[in-house]
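Structure first, commentary second.
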Amino acid sequence: MAAPTPGSDRGSWKLGELAVRFGCDLKGDPDAVVTHVAALETAGPRELSFLANPKHRRYLEQTRAGAVVLDPALAEASPVPALLIKNPHACFARIATLLHPLPPVRIGVHERAVVEPGAHIAASASVAAGACIGAGATVGEHAVIGPGCVVHAGAVIGADGFGFAPENGEWLKVPQVGSVIVGNDVEIGANTTIDRGAIGDTVIEDGVKLDNLIQIAHNVRIGAHTAIAAGTGVAGSTEIGKRCMIAGMVGITGHIRLCDDVVVTGKSTVTNSVTKPGVYSSALPLEEAATFRRNAARFKRLDQIARAVRALGGNKSATGETSMGDEE
Amino acid sequence: MAAPTPGSDRGSWKLGELAVRFGCDLKGDPDAVVTHVAALETAGPRELSFLANPKHRRYLEQTRAGAVVLDPALAEASPVPALLIKNPHACFARIATLLHPLPPVRIGVHERAVVEPGAHIAASASVAAGACIGAGATVGEHAVIGPGCVVHAGAVIGADGFGFAPENGEWLKVPQVGSVIVGNDVEIGANTTIDRGAIGDTVIEDGVKLDNLIQIAHNVRIGAHTAIAAGTGVAGSTEIGKRCMIAGMVGITGHIRLCDDVVVTGKSTVTNSVTKPGVYSSALPLEEAATFRRNAARFKRLDQIARAVRALGGNKSATGETSMGDEE
Amino acid sequence: MAAPTPGSDRGSWKLGELAVRFGCDLKGDPDAVVTHVAALETAGPRELSFLANPKHRRYLEQTRAGAVVLDPALAEASPVPALLIKNPHACFARIATLLHPLPPVRIGVHERAVVEPGAHIAASASVAAGACIGAGATVGEHAVIGPGCVVHAGAVIGADGFGFAPENGEWLKVPQVGSVIVGNDVEIGANTTIDRGAIGDTVIEDGVKLDNLIQIAHNVRIGAHTAIAAGTGVAGSTEIGKRCMIAGMVGITGHIRLCDDVVVTGKSTVTNSVTKPGVYSSALPLEEAATFRRNAARFKRLDQIARAVRALGGNKSATGETSMGDEE
């Protein structure tokens, strides 16, 4: 787990070399060189990116990456050189193992930070003045912990994100080469886990407060002064705005965005982006089990009940609003 | 993190000193002295308390505290001296940093307790005979672990509770000066977290069994011989009765009370007090995703569907019971 | 916590000795000998089993165990010798403390495994070549970690399962004498917990990928190449097939079976076996809190709404399907 050496000879690769090594067809100059991996939106001319999900094709069309790994069907859509292969995600995963980002400049534990016995700080991590790392907590490779942060016992910052590309019915590990960046005055609760980014970083902005047993997946960004209660999970690449209040045991799916000043009540499920500040819920309240079971059985036929009401003329007679959900 | 010295000169403060230091108006005798913080209901004549939530005004009216920190609007309701300030919770948090409770009398690890390698026991904690603390577990400052308890690997007992007072769009940490008291023959699962009290203690009574990855927040009380399965979370100040059985991944909100002998089924959400023994549920069962989505879309219009049925005369023709929920 | 000595004098017990020691009536030969405990379905002629739940009576009728612990009411149903007592589960728990399975043959950490500082490997555990055990992770007694596995920081493998038998209003611990067997190339996320089996083992098959903060209870089996996202919990004795994809924060109840190639979406609740590959859900989507509360209030009367629609003739007029759930 040693940090990659900056400027190593094998820190840069020609596209022709990569195409041969990984069995890709090449569209573009075989002597063009890439040195790092990066996301399509941010990659520059020496960086390699990829596109696996055709829904993100617009990012491909605007990319300024040095090269991209693509399905052959998308070759024409790429404005830059492309390594073409049937499973671009898996191939990219393999290439990324050769192209790691450099470690952050200042590493080590500041003399005015407090590290309790039994905490584990990776050699390439950075812990700033005034930070306190609790007993048994782990700060992983390249993680950056800002001034005044409190990391409670058992928290794990910077473990590998959960990234696997399917290939032939098995899972190929996607190297997790990003890091975790934690701002100033952040509090991280006991046994909470914050994964390092896959490409790019997982970012916890200034003043964020995270309770216990929270999961923050790779490439998530939590906006400044947002507070999250215990047991909540945020899946990969989701962005949460500033000053949000997320209650306990909320599940937030990946690749969405919550705007600033959103409040989510306990145990809710968030599967879509939220674009308007306000209070949101989705957890049914408790009932006696027998009653709940009866109602839940009806829920399984709710669509049919609604159709029956409509057939009876209920749609017309409902005052105020006329829809019962058919359009959804 | 050294324990406060009993009898220190700065263990007692005059109300006048506090008012000047923290910018409060003072109602009452400036020479009156307080030495500790405590909850409104239990505070005695040398203890300082506060009221942030007007819903708890009845506790203020009956308090026997030495003084309270209050919003000026509530000054007249206080039967005792009051420090008046716009944000009493934040001000109280600051004052509490000066007024810590004393450590429990007997500290240290009993010679007949077993502490596995890599467990972290704070200097001011107490571990009784026959207790077993697993590898990598953490027992925090002032925590008390009773005879015969088993604390599994990775459990964190006595981390700071999640207490922050909002002030100017940021979060001010509320010092967590209470502790965790664990009775006899309690079992605490792997990676479970039990926070220390904010004021007063978090209490786990005799014979309680807690599975893995459970979160018990500050000032919670779990009644004797209650069993809780993995992944459940209990928010702050909630009280659970004796002999309850709480299944896995249940979320229980803060500041409520479950009576004795309550059974809650898996993944339920508990947002109100439960006053009658019985079995309770709130989690919908699994369906094929396409069917579930159709029904969930109708759920979003359920209020309108019910209104339509009522307009059609459905309310009258429903046999047995006549209500469809309008009164709620 | 020393491993039991194979072939020890006290490794075998006569049924007559056990009956006297634990206060049972005996049906059968007092000189018959048992050496281990096992489940009814798999127990052989030297193994002791038990039946607590009359629903599983068919297993009793087909058992080939050396003896069983039973409620006297079931004595006639047993084809093998029986120790008869009112609370067979509690009695069995006591007997199992005398009859432990032997440790696996090859113990210790292979010289080509990587164990990071602060990881705790029990003396009787086995860690194969190429496995990597993260900082602060715990591998318990008799656990077996296969080649190429990655165990992230804070994971706890092999803690006691959550097994307690009720007796006189208290909980009697059921000894957890099984282990955890982890196949090849398994990834286990940070702070995830996998409990050892009660009787028999908890098994994670080859190529399984487990994210952070997951709970796998005793005697669960996870099929090869299944991936499970963060925060999900699987209760005791449940079996999950191969190549399943279980999203985050899903709760899966105990003693059920999911077939191969099942996909469960985030935050779902799985309370019954799934016998058909496909995609399944049960979590309601987010709404503005006020709207959600109105709909949730109607949900509490959904059974009555459905009855009202039926009384209005809605059942007949619903096209396509005719049922609204009454039969459930």
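Letters A, B and C mark the chains in the order given here, with residues in each chain numbered from 1 onward.
Everything below uses one rule, namely that a residue touches a chain if its C-beta (ideal position, glycine included) is under 8 Å from a C-beta of that chain, and two chains touch if they have at least 3 such contacts.
What you see is a predicted model, and the numbers here were worked out from it, not measured in a lab.
**Q** Would you pick out the chains that touch subunit A and also touch subunit B?
**A** C
**Q** When subunit A meets its copy subunit C, do both sides use mostly the same residue numbers (more than half shared) or mostly different ones?
**A** Homomeric contact, different residues on each side for the most part.
**Q** List the centre-to-centre spacing of subunit A and subunit C in whole Å, with centres computed as mean CA coordinates.
**A** Roughly 31 Å, centre to centre.
**Q** Residue numbers in subunit C touching 2 or more other chains?
**A** If we look for residues of subunit C contacting two or more partner chains, we find 118, 136, 154, 191, 213, 231, 249, 283-285, 287, 299-302, 305, 309, 312.
**Q** Would you mind writing out the residues of subunit B in touch with subunit C in their complex?
**A** These residues of subunit B touch subunit C: 116-118, 134-136, 150, 152-154, 187, 189-191, 207, 209, 211-213, 225, 227, 229-231, 243, 248-249, 266-267, 283-290, 292-293, 296, 299-303, 305-306, 309, 312-315, 317-321, 323-325, 328.
**Q** Tell me, which parts of subunit A touch subunit C in their complex?
**A** 118, 120, 136, 138, 140, 154, 156, 159-160, 162, 164, 169-171, 173, 191, 193, 195, 213, 215, 217, 231, 233, 235, 249, 251, 253, 263-265, 268-272, 274, 278-285, 287, 291, 294-295, 297-302, 304-305, 307-309, 311-312
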